[in-house]
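By written order: A, B, C, D, E, F, G and H. Residues from 1 in each chain.
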Amino acid sequence: MDYITSIKPLLTVLVSLAVIPFLIVTSKKPNIRESCTFIAGGVKFLLVLSMLPAILAGNKIVFNMFEIASGVSIAFKVDGLGMLFAIVASSLWIVTSMYSIGYMRTLNEHGQTRYYCFFALAIFATIGVAFSANLLTLYLFYEILSLATYPLVTHHQDKKSRISGRRYLIFILGTSIALVLPAMLYCYHITGTLDFSIHGIFASGQISKPALTVVLLMFVFGFAKAGLMPFHSWLPAAMVAPTPVSALLHAVAVVKVGVFSIVRVIVCIFGIDLLASFNLGVVVASLASITIIVSSCIAMSQDELKRRLAFSTVSQLSYIILGVALLTPQGQLGGIIHIVMHAFGKITLFFCAGAIFVATGKKYISQMKGLGKQMPITFAAFFIGALGVIGLPPTGGFFSKWFILIGTIESTQKLFLIVLLLSSFLNAFYFLPIIYQAFFSKDEKEQNLPVQIKEAPLFCVIPIVITAIISVILFFTPNVFINLIKIALGI
Amino acid sequence: MKYIGLLIVAVCGGILLSATSDFPDWGYSQSPASTYLSNHYIEKSIEETGVPNLVTSVLADYRSFDTMFETAVIFCAGLVCFLLLRNYNRQKKFFYRHISTGVVLCFKDNCKNLPASKKFEQMDADWIPHDLIIMTVCRILIPFIQIYALYVVAHGDFSPGGGFQGGVIFGSSFILLAISYNLQTAMKKIKEKILGLLSALGVLIYVGIGIICMFLGGNFLDYSQLAKILPVDPIHVRALGMLGVEIGVGIAVMAVMVVIYVNIASEGRHDEGL
Amino acid sequence: MNFFVLLFLIIGLVFFTGGAVGIIRMPDFYSRLHPAGKLDTLGILAMVLGFALFNLKTFSISELLLSIKMLLIVFFVFLSSPTATHSIVDAGIRAGLRHWTKEDKR
Amino acid sequence: MPWQIDLIVLIFVILCAITAISVKDLLSTAILFGAYSFMMCLLWAIMGAVDVAFTEASVGAGVSTVFFVAAVFNTTRRTKD
Amino acid sequence: MNTFFLYTSLYLCFLMLFSLYRAMFGPTVLDRLIGVNAIGSKTVILLLLIGFIYERVDMFIDIALAYAFLNFITVVAASRYFHKRKGLYEESTLK
Amino acid sequence: MTDFFIGIMTKYNYWLYIILMMIGLYAMIVKNNLIKKIVGMNIFQTAIILFYISIGYKTNATIPIIKNAHGDHGTGAHKLIIHAADYINPLPHVLMLTAIVVSVATFGVALALSVKIYQRYQTLEEDEIRMRLREK
Amino acid sequence: MTISEKKEFKNKSSGKPFKSILSFSLTFILMFGLWVILSGNFEPLLIFLGLFSSFLCAFFFKDLLFSDPDSDFLLIMFRFFKYIPWLIFEIIKANFHLLYLVFHPRMKDMIDPHVVVIKTGLKKEMSIVTMANSITLTPGTITINADREGVFKVHSIDKESAEALPGTMLKKTARIFGEDK
Amino acid sequence: MIKTFYPALLVIAPLLAALLCSGFSWIQKKFCYPIVLVGLAISLFSAFKLLMIVLTSGTIQYRMAGWAPPFGIEYRIDLLNAVVLLIVSAIALINLVASHKSVLQDMKEKLGAFYSVYVLFVTGLLGVVATGDLFNLYVLLEITSLTSYALIAMGDPDRSPIASLNYLFIGVIGASFYLLGVGYLYIMTGSLNMINVADILQNLHGSSAVLIGFIFCMLGLWIKMALFPLHIWLPNAYSYTSISVGRLIAPLMTKIMVYVMIRLMLNVFGFNYIFETLELSKVVVWIASIAIIAGGVMALAQKNVKKIFAYIIVSEIGYMVGGAWLGNQTGMTGSILHIINDAVMTFALFLVVGNITFCLKNAHLNNFKGLFSKMPWTMAGLVLAGFSIIGVPPTCGFFSKWYLILGGIEAGAYHFVGALIISSLICAILFFKIFEISFFESSIQNKQQNEHKNHDKIAGITEAPVSMLISLGLTSATLIILGVYSDSIVKNIITPFLTQYKMVI
């Protein structure tokens, strides 16, 4: 356990910020602009990877920028959790960039430079959250992310996106200002520090149970990006955004940032021991389970593919929270590794939805009858992604579900076991019909049409294939991530 | 509104009245206000500044910085009135009256404002015949008022008065001229440009004296430094410094008063006024 | 000396009293002007003369100058007061104020 | 200075003030305001503040009232209260 | 002598009340003007009297002198209003 | 009760200044006419000046100009024996000279503003102005 | 406007340097005398200041006080001073009359205000003004208006004062300014 | 004592510039602008110098006219002064540069007078900040007020004179109340120098006259700074001005009043007197909380952007007053930090409004449609300033809010904390309303409307002039810089200052 001071975390964070001027300058030449994005993504990913060995060796990389208040500074610290999240986010940025090229160019969207800029900004904030060393830094990047996503959500600038943008802001910004900020300041007031520490920052007896409950709930609901009910409804609304945005942000970056923050708070601010001693994990876990069941049920009734995926996301995010809130090592391991597994699975699904839209212009599941034959690659990938999300082998999703199950068994509350099993069934129930319809049923109207539907453009298909393959690979080699989590949690 | 006003007034008055019981009696000579600082001013100021009028010595020396800004306030008021009211859209009509015959000529449109001659005089739109008695008496009185005003400025050290009072009286002599004759006559005597320059010049004299003191190595407005360039001893040079300052105040105040009057009386058109 | 001073002052006061009473008693604006404009002027004259005499009790150049200064007041008042009265009455005429006549009494 | 004159003049001042704000004609207000200023000047003189009295005399009589009349001249005399 | 001056000044204050009455209740503006003019002339004397009571008349005379000038200006200015705008009750109509 | 009256007797100046000030404040709040308000403002300011001058006053003291020191510019400083109790406190006078100047300046500016307002609205009544504004 | 008229405008009142200098010096002397009376202090600095301010006044306002100085200026002054005592006497005499009126219980019966028009032959400004002010000062009468032709409109409080009016006062005034021919 | 002439130069340079400018406006108009520019630059330079000197060698005392403090007037520059001076002079200078073009447009013949009044206003502000004398403060306050009346009246010819006159009345009441309070202090202490009065007041804590004096000083200042129930003058006055004036007055005037309040609280009356003898603080914090909410709510109802911002200022005043009256060091730190930050924030906001009105001639919300694409740089500034006001982390607004909330928690004033958070939310709603309007609605439908209605007005919009943009960029950058360095500001300036005046518990 060494602390290595290095500027790498800062560089990693800043890479995507630094690329924005280039993007603006080259806004007239799309090819150069997009290659800039690629280069930045590559550099970022390499920087993240270069830090991986040190982390795996059990060290932590820290970088202190400057103090903001006594005891609190803007600082970066790379530990296992952050590394895990950074790897996911940075690797998927590259993929998503490629996908965006295909998607945006095919649909001939307006304001592409703006799109790429804010995309880079969002990634900047995401990595910042991943590497932040204290709650304030985390909050800072969390806010930046909220604001940077707004123009992406409302990219179409029409009435519908305006309404959903409004909802997005109210939920995300409102909760973070009204709940997280006071809770954070209250913690700071009591402890005098906000630095993450594996055992929590509260000394024993520093805080009473009612106060702790209130603060915990403020945090859990305050990080509304995690989509815990009743603060979930921004996520389906945000699906008006272009699909790459939905894919990266609303399957990976933004929502995972919310979950990641909650994990950080539970693990590194309160500490597992403190929560366990007050028996507060159950509260969070039950909240998460309610969300899981309810949102799965809602997801089944959705006809628009992206909305169904969104509700699925809401449900899956709560898995992570549930896993962590079980406060058992295996549960936490499962919860956290679900960040990775779900990311690859869900992004594949979103990419597929986008690809279908690009190729056919169809959004609704009921219109997709028989599409499987025309777009076999897309739907195959969709199948793999669905498996990953449901948690069936041969995808990585299996592991996360597995560890969480073990965690529930370890914990005293057996009720959550039932929740898990039930929800897995529900997952299967809302994903598999789509695939069935696509491959085995026929749409009479479609065949009458003269236009033959083809696969989406190459730039769309390649990312889908990549992510699908990765989620399969993860089934076989999840060790890197498991090790990272184990190092981080000290199991 | 009436009752709200009464309520506010009653509350404020009540609060203020409640504190009077704590005051020293009116005219009590041992109250803190009349012993703490004032004793030093009364006993020492003639030694330190050589000016018998304590008010002047405190005003123009101990608290000269205040007074500088007081002058600046006046200067500012003049500027403000100019800024608010001055209206360069001249009236399109000019009236001239042939003095001996009383025939009135009216020039319309953009003809230049002609200077008056012996035979023609310019006059207002709603012209009234000059009142001979008022005109003559004012004509006689104005130089007296002016010399009196200058006397007041110069004798600020020994008698009540000083730059401000003298300046106001001097300014009111011009106002009297404008009232008894008409505005144009007064504006011919002292033009707008001159007024603007004078009002700035007056404050400039004040500030200039301060800056000279600063250049001579003292603090700002520290008149004793003037002894380095004037052949007087350091205490009495203070009186001279005060005199200079008072002259500056007088000039500024005079100009500003006229500016304010002219602008208010003619609504900024400078053609005819009260 | 003091006798003269007192005499002057009392004469002045009498004139002032007349002026004050006149202002109240007179029936209309024009007739009010008579006591206001003139009895007061004479009152000032008398009283200032009294003051000047009183001031000259201890004779010196500066006291003399002071007395002359006081007489200057008289000079200016004599110059300005009738003019002011004239100005007011002129204003009244221009304003169209009717003057009181015997008929108004009934 | 004896307090009698002071008190009387103070009461005059208050009378003038009340009348000045309650009279229903702005020119009258201006003139009464002049009277108020005279009274104030007397009051300063009584309290021994010669310089202030001088200032008030020159300002109140020479300038302030004239400004006031000029303003009323250019606006209106009418007022509702 | 000093007490005499004091009573004189009190008496003048009393007389001032008459002028003040005219100034306060004068039926027309010009009546008020007369009242104020009268107050002014009494003020000149009162100032001198105060000077004598303080035994510093050399200081007060300046004020009295200034008053003699400036009271005149006020009166002329106020009556000038009527010189230019004829009519006591006439008002400029809304343009 | 007697204390109360003695309190008034010895401090009537302070009482009356408060009354005067409240008259001014009342006019500023209640009166509808702008010029009336300006008059109220001036009365208000004068009341404060009165307060200050009252602070400075001392019984049995003379005006704050040194006697018998008919000063000349530049000829020897007189060694006079001056008792502080003989002279009225000059400091409030100085302050109030400044305050008077300020009040005159404010008065001028306020009048200029009201003339400007009249030019535009042809009225000085506040409620009428508000009505005109609403019409627009 | 014709060209000749334009020339008229441009032709300013230059020309009489002698009168200008005379009025300047007269004003200067008068002002300086006044300064000395006012100041009562003969310190060099103050005298210098006095000279300077008298110069200022005289230089800028020479046309106000003595706009058209006569050569027999001193004579006029002399006659004027001779006139003043008489006037004061007149004033006092008439003032008592007014006092009597004011205090009379049946005052309203005694007074009979009315306006009189008097035609005099006075032409000079100064003489008209002197006459008008004298009329105003003599109680019972107030000059309402006086024009350049020497026509006076007088408001008198009762018949007596109105009837006494032109009388000796006009003669004396005319004599002062040499208009009695 | 350090021998330096900068305290005098600071105030004299702009005053001199005002005089010369006013003089030259009658002779040669084109010299006006450079003179004023140089004057303000000198005062900015000396403010900077003063800050350096104060940081290295402690408080500067400068004796005006060379008399020792209780007798003469003293200028005291300590850490707080120096920072505020720097902010004031910098904002004045930047605004001068930014408004050069619009002033040239608006005042053709009165250019010199306008600039002169402008600089006098700045002079007054600088003097108010630097002075150590209670009465001198009043005089300078009056200069500031008088000039601001004029400057405000130069705006919209329909409404600004009446707004200005109302402001004048209320301003005069405020200043007079302050003067009255000083009079009460003077009658009890006999002194006018702040430090000296504070010394004497130590023994007078029970006196009711001192209490009334304190109340009236505070009342006067609250009127001047527009604390909630006394704020009625502010929105009209600030929103009907011409913009070059508005962005000078809006950021500075109210903040300086808050500064004066803090100065009086700490330097004259002393911490013990206010928070231990009087126990008024709870009431004031409640008032401040109400002010914060009320300002926000009233801002929500407005349609004109200038008015929205004016009401936001009302709300911000609540922040600062509440923070100062919490009665602990953290709250006071937050309050002082917010003075600095809010000045810059508001300045940035009004710069943006200035740019927009320069191009649109009107700041009504309806005209904002599609501005993001037409004036991207200006709108970027607006976004940054808005985030700062909402309190989004890297901008400076967050950090002062941080201290304020922390102070509120420390003092147990949870209503204040609640008010702060609700106001943040309201600000968020407000700004995103503006962003939304300007981000959306650039669609075809609106363009068609524009062609019909005000074709020339909207269609020809381009970005504002470069000078304006540069100053906006500078200010926006300052927002971030201040945020980033807020800890060093607190550590090096505010905490030592508070320690100096025994504010550390």
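Criterion: a residue touches a chain if its C-beta (ideal position, glycine included) is under 8 Å from a C-beta of that chain, and two chains touch if they have at least 3 such contacts.
Bear in mind that the values here come from a model prediction, so they are computed numbers and not experimental data.
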If a chain touches chain D and chain F alike, it appears here: B, E
Label of the chain whose CA centroid is most distant from the centroid of chain G: A
Chain nearest the global centroid, as defined over all protein CA atoms shown: H
Greatest separation from chain B - chain, by CA centre: A
Cα-centroid distance, chain B relative to chain D, in whole angstrom: 19
Centroid distance [mean C-alpha coordinates] between chain C and chain B, Å: 30
Distance between chain centroids, defined by C-alpha means - chain F, chain G (Å): 39
Contacts with two or more other chains, residues of chain E listed in rising order: 16, 33, 35, 54, 58-60, 62-63, 65-66, 69-73, 76-78, 80-81, 83-84
Multi-chain contact sites of chain A, meaning residues that touch two or more partners: none
Chain C, residues touching no fewer than two other chains: 21, 33, 37, 41, 62, 66, 69, 72, 76, 79-81, 83, 85-87, 90
Of chain B, residues touching chain H in the complex: 15-16, 18-19, 21-24, 31-38, 40-41, 61-66, 69-70, 72-73, 75-77, 79-80, 82-84, 86, 88, 193, 196-197, 199-201, 203-204, 207, 210-211, 214, 218-224
Touch list for chain D against partner chain B, complex: 3, 50-51, 53-55, 58-59, 62-63, 66-67, 69-71, 73-74
Complex interface listing, chain F residues touching chain H: 25, 28, 34, 37, 41, 44-45, 48, 51-52, 55, 91-92, 95, 98-99, 102, 105-106, 109-110, 113-114, 116-117, 120-121, 129, 133, 136
Partner chain B, residues of chain F touching it in the complex: 7, 10-15, 18-19, 21-22, 25-26, 29-30, 54-61, 63-66, 69-71, 73-75, 77-80, 82-87, 89-95, 97-98, 101-102, 104-106, 108-109, 111-113, 115-116, 119
Residue ranges of chain G in contact with chain B within the complex: 1, 5-6, 8-13, 27, 30-31, 34-35, 38-39, 41, 46, 49-50, 53-54, 56-58, 60-61, 64-65, 67, 125-126, 128-129, 132-133, 143, 145-148
